[in-house]
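Listed below are the structures to be examined.
Across the two complexes that follow, chain A remains constant while its partner is chain B and subsequently chain C.
Showing the complex of A and B:
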C-alpha cells in the first residue's frame, strides 16, 4: 500500500541493449525500466550478463546497439565520471575501494562530485575550503553512524575484513547522495548475520533517503524479500521481468534455474 | 612529560582533521620553525649555507614536487631534472628580461612556466601507465636538456653555453649573484619552502589530494565515482612541476649562480629526487623533507668523517658514499617501502604507548 506512493515515474530505461566482446555476446536486445524509489533486482546464473548490464548503465561499457534513457532524456555516449556526476553511484562485485586510504577518506572521496572549492582556495585552506570540508565531514559522519562503522573510521580499508569492506563501499556510494544506486552482489561471500545487516541497510537507504536501488544478487530468498521487481537474465537474454511472485512462477525461470531441458 | 595523544580529546571535526592532531607535534613544529627563522640566520656561515642548509631547502622543494606526482598521484616520473632545468632557464630569462622584478616573483613565475610545460608532458599519462610512463618522462628529460643545449636563445647566445644569474634583490638585499649574504639566501629559500610546504599539506588533505590518492589506489574506481582521470592527473603534473620548477629556479638563481644544463640538471638529478622521495616516504610531506635531508646530509657527513677524520683519499670516499647510498635505497625498497616517514610514525606509535605497552 505504501508501495504505491513510494514508487514514482521512470528514472532510467534501457532499450534494446546489445553488447558483445569480440565474438562473445554478453547482452542481447535487453529492455527494462527502473522506476523512481523502487528496489529493482537483476538475477540470473553466472555469466548471464548482469554485471555487464550495470557497466552499461554507468557508462563503463558502451553497447553496440540500444539506448539508455535517464530522467526522461536519451543519454548520449558518456564517460563513467560523467554518469557519476549525473547521480549514479555503484559498488562492485570485487570490491573496488581505495585500499591505502582510511574508511573516512574513502567516504569523503565519495562526496567529491559535490565539492566545489577551487585549487587556490584549497591551497589556502582556511575559509571556504575548510568550511566545505567540515560540511561534508558532517554528512559522512552521518553515514558512518548509519552503517555502524565508527570504530574503523581511521583504519586503512585494505586491512578490514571482507564484510566490512563491502559495508564501506556501500558507504562510499551513499556519500555521493545518488539518485540511482547500483549494487553488484552486495552480499556475496557474507554469512547470514552480515546478509541480514546488509539487507536492512538497503531497505533503510531506500526508505529514508528515497534512493532508487538496482541490485544483483544470487541469494534468491534475499532477492524475493527485498525487491519490488526483478529482471531475470540468462545467456545475455531477458527471460522474465516482473514482481517476485510473477518471476517465481515463471516457467522459463524455473527451467533456467533448475536446468530443466526444453525438449519435452 | 610523556609524548601521547590520550587526554588530547577532539570535540569537533575541525580539530580532528588539522595538520598535526597531536598537541606535542604542533609545538615541535612551531619551535622548529621559530628556531629556523629567528636563530639560525644569526649563526649561519658560508659553509653551512652552501653545503648544508640551502641545498637541503632547494632539494626539499623538488622532493615535495615529485612526491605530489609520484607519492600521492602514483605517476612515476624520471623527468625531474628536465623540469628543474625549465625552472632554471625560465628564471634566467625572466631575470634578464625584467631586471627590476623582485626575485620572489621571478621564482614563482618560473614555477608557473614549468607547470605549463609539465601539463604538456603529462598529457600522455592518460594513456600510458607505470613503467611506460616512466620511460616517457625519461624521454622528456633528455629532450629538455637537449633543447636547452641546442637552442642558443635560452642561454642568450653566450659563448660558453652557460647561464649565469645576475644580482637580483628583495627589499634591497641581494638574493642572487656573488655578493648575496648567506643569511639572506638561506632566509629566502626557507620562506619559500615553508610557505609551499604548508600549501602542499593543504592541497593533499582536501578534495584535490583525495582525487590524486584515489587515482593512485585505483584509477578505474576513481573514474566511476566521478573523478575525471585526465583532470586529476594533469593537476598533479601541474602542481608537481610548479614545485620542481621553483626548486630549479632556486638551485640555479640562488644556490649555484651559474649552470650548464647537462651538468646541473642531468638524469642523475631525476634519480636523486626520486630516491629522496622513496627513502623519505611516498605520499608524505614530512617524508619529502626527511628524504632530502638524508640524501644531502649523509654525503656531507660521510665525507667529513672519511676524508676529514680518517684522512682517506677523496675519490675513495666518493665511491664508498655511492655504495652506501645504493645499499640504503635497496634496503628501503625491500624492508620499508614507506620510507623514513613510516619509521618515524612507528617510533611515535611506540612512544605513545610507552611506558605501558598494553
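Showing the complex of A and C:
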C-alpha cells in the first residue's frame, strides 16, 4: 500500500480538549489530529477516556475546554445530528441499531442525511421522491454486496447474531458516505474469524472508498496491523501518539498498558 | 333465518362500526406512543379541539369572540358567512401543525430524558389546557358539524335484508348508519396510508428509527425535535379525522374528550405499539360491548356499554399484558 499517496491533509483536529462530569475528569488537555485517508486508532486501558473522546468528536459530549477543527474550520458546539450531516458517521461499542427494522431499512435510514425531498413529496411517492428512493436503494444494495449480507436483507436486525449486527451497523455508517468514520470497538466480543472479516472490511473501506477511519480497539495485535497512527490514552491523559512502531516501543505505554499483558 | 339471529347479526355489524370509531382515537395514541413512549392523555381533547376549530372556520366564527367582547365591549360573533369545507379542513390542519410546533418549542423541549410518568402528567396538563383554550377560543356551546358526509339509516340495506327473515315473522330489515360506514372506510384508508408512509418513505423510516433507538437515530443525522413535530402533527391529523367523524355523529361538544377514555381499553387489548392492534382492539371492544348489551345487558338492568370495555381490558391485563399485537417484553439477562 502506498502510504504517501493515500494520506492527505488534516481532516479533523482536536485541540486541548478537557471534559469532566462533575468532579470526575474524563479527558485532560487532549490534542491530536486525524489526516484524510488514514486509519487512526485510539487505545488505552478501560476507563481511559477513549469512548468519551469519540463522543466529543461525534457531538454527544461537549467539552468544557478545547476546540474541534473539522476540514479546516473551527466547529461550533453541535448536536450529534448536525455532526452527522457534516459527514461524520459512527458505530457503538454496545451496538445501536434500529432493532425492529430490517437490515435494508437500517441501511436506508443511514442515507437519511443525503435525502433531500420534503415530506409532502414523500407522502405521494412520485417524481423526485421516487427517483431519490430508487437511487439510494441502489447505493444501499451496493453496500450490502460489499459486506456480504445479502442473505439477511429483510431480517429484523434484532434477530441477528452479534457479529452480524456489528456488520450491519458498519453498513449503516457506510450508507451515509461519511468523510470520517468512527468505530467504537468494532471487534469487541468477536471470535477470530469474525475479527478477520471485520479487519478486512475496515481495510477495504479505507482502500476502496478512501474513507478516513478512527477506531477504538482492545485487541492490540489488530490495532498494530491496521492503523497508520495510534493515540494512547490513560486516565484521560494522552500518553503517546505515533506510528505503531513508535507506540510499541514507548516506555510510558509499556508501563501503563502493554506491560500489563504478559500472556498475549 | 330467525329474526333473533338477524338481530344479533345487526348488533355485530353496528358493533364493528362503533369499534372503528374507537380505533380512530386509539390510532392517535399509538402514533405518539410508538415514536416517543409518551402516553398522550390529551389525544381525545386534541380531537375535540380540531373539531371545534373546523366548525369555527366553517361557520365563520371569530376566535376568542367572548374574550374580545368582554375586553372591548364590542359585539362581534362572526366575520362572514363562513367558508368552504375543504378550505376549512386545510386551515384546521395548519392550526394543528402550528400547535405541534408550539408544543415542541414550549413544552416538550424541556421534557427530554424525563421519566415516562412525568411526560404522562405533562399530557394531562396539556389536556386541561387545550380544553380551556378551545372553550375560550370557540365558546362552549354544542355545535353541529356538517362536512357533507351522508348520514342516517341505509335504506338499501334495509330493503336488501327485509326478505331474509322467515315468512310471517315481523322483521323490518337491518339498520346501519351510513355515516358509520363512511367512518369505517376512511379509517381503513388512513391506516393503509400511514402504514405505507412509515414503511416506504425517508420520513417514515426516520419516525420508526426514533421510536427504536434515540441515540442511533441521532448518529445517522436525524433531528429528534423535527421528528417530534412531525409525530405530533400526524397525531393532530388523526385527531382531526376522529374529530370530524365523532363530531358529525354526535355533535361537537365537550364530552367528546371523554372518548379518549374508551381508547384506553382498546389500547390495552391491541397493544400500545401496534397500529393494526389499535384497529382490531377497537373492533373487539365495539362488537363485545354491543353483543354483551344485546345478550346479557337486559338481564342485569342494561347500560352495560359504559363499563363492559373496561372489564374486558382488565381481564386482558391478567393474561396478556402486552396486548394482542404489542411487542413482547423480554428482558435479556
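Convention: the second predicted complex is superposed on the first by the 256 of 264 C-alpha atoms of A that agree within 3 Å, B and C clash if a C-alpha of one lies under 4 Å from a C-alpha of the other, contacts with A are read in each partner's own complex, and residues count from 1 in each chain.
The definition used in the following text is that a residue touches a chain if its C-beta (ideal position, glycine included) is under 8 Å from a C-beta of that chain, and two chains touch if they have at least 3 such contacts.
Keep in mind that this is a model prediction, so the values were computed, not measured.
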Touched partner set for A:105, first chain B, second chain C, both or neither: both
Which superposed partner A:90 touches (first chain B, second chain C, both, neither): both
Chain B versus chain C as contact partner of A:137, first or second or both or neither: first
First (chain B), second (chain C), both or neither touched by A:187: neither
Partner chain in contact with A:48 - chain B first, chain C second, else both or neither: neither
Partner chain(s) touched by A:176 [first = chain B, second = chain C, both, neither]: both
Common interface residues of chain A - those touching chain B in one complex and chain C in the other: 58, 60, 79-81, 84-85, 89-90, 92, 96-101, 105, 108-110, 112-113, 115, 117, 119, 122-123, 125, 129, 132-133, 172, 176
List of chain A residues in touch with chain C within their complex: 58, 60, 79-81, 84-85, 89-90, 92, 96-101, 105, 108-110, 112-113, 115, 117, 119, 122-123, 125, 129, 132-133, 172, 176
For the chain B and chain A complex, residues of the former touching the latter: 13-14, 17, 199, 202-203, 205-208, 210-211, 213-214, 216-218, 220-229, 235, 239, 283
Interface residues, chain C side, partner chain A - complex: 196-197, 200-206, 208-209, 211-213, 215-224, 230, 327
For the chain A and chain B complex, residues of the former touching the latter: 58, 60, 79-81, 84-85, 89-90, 92, 96-101, 105, 108-110, 112-113, 115, 117, 119, 122-125, 129-130, 132-134, 137-138, 141, 172-173, 176
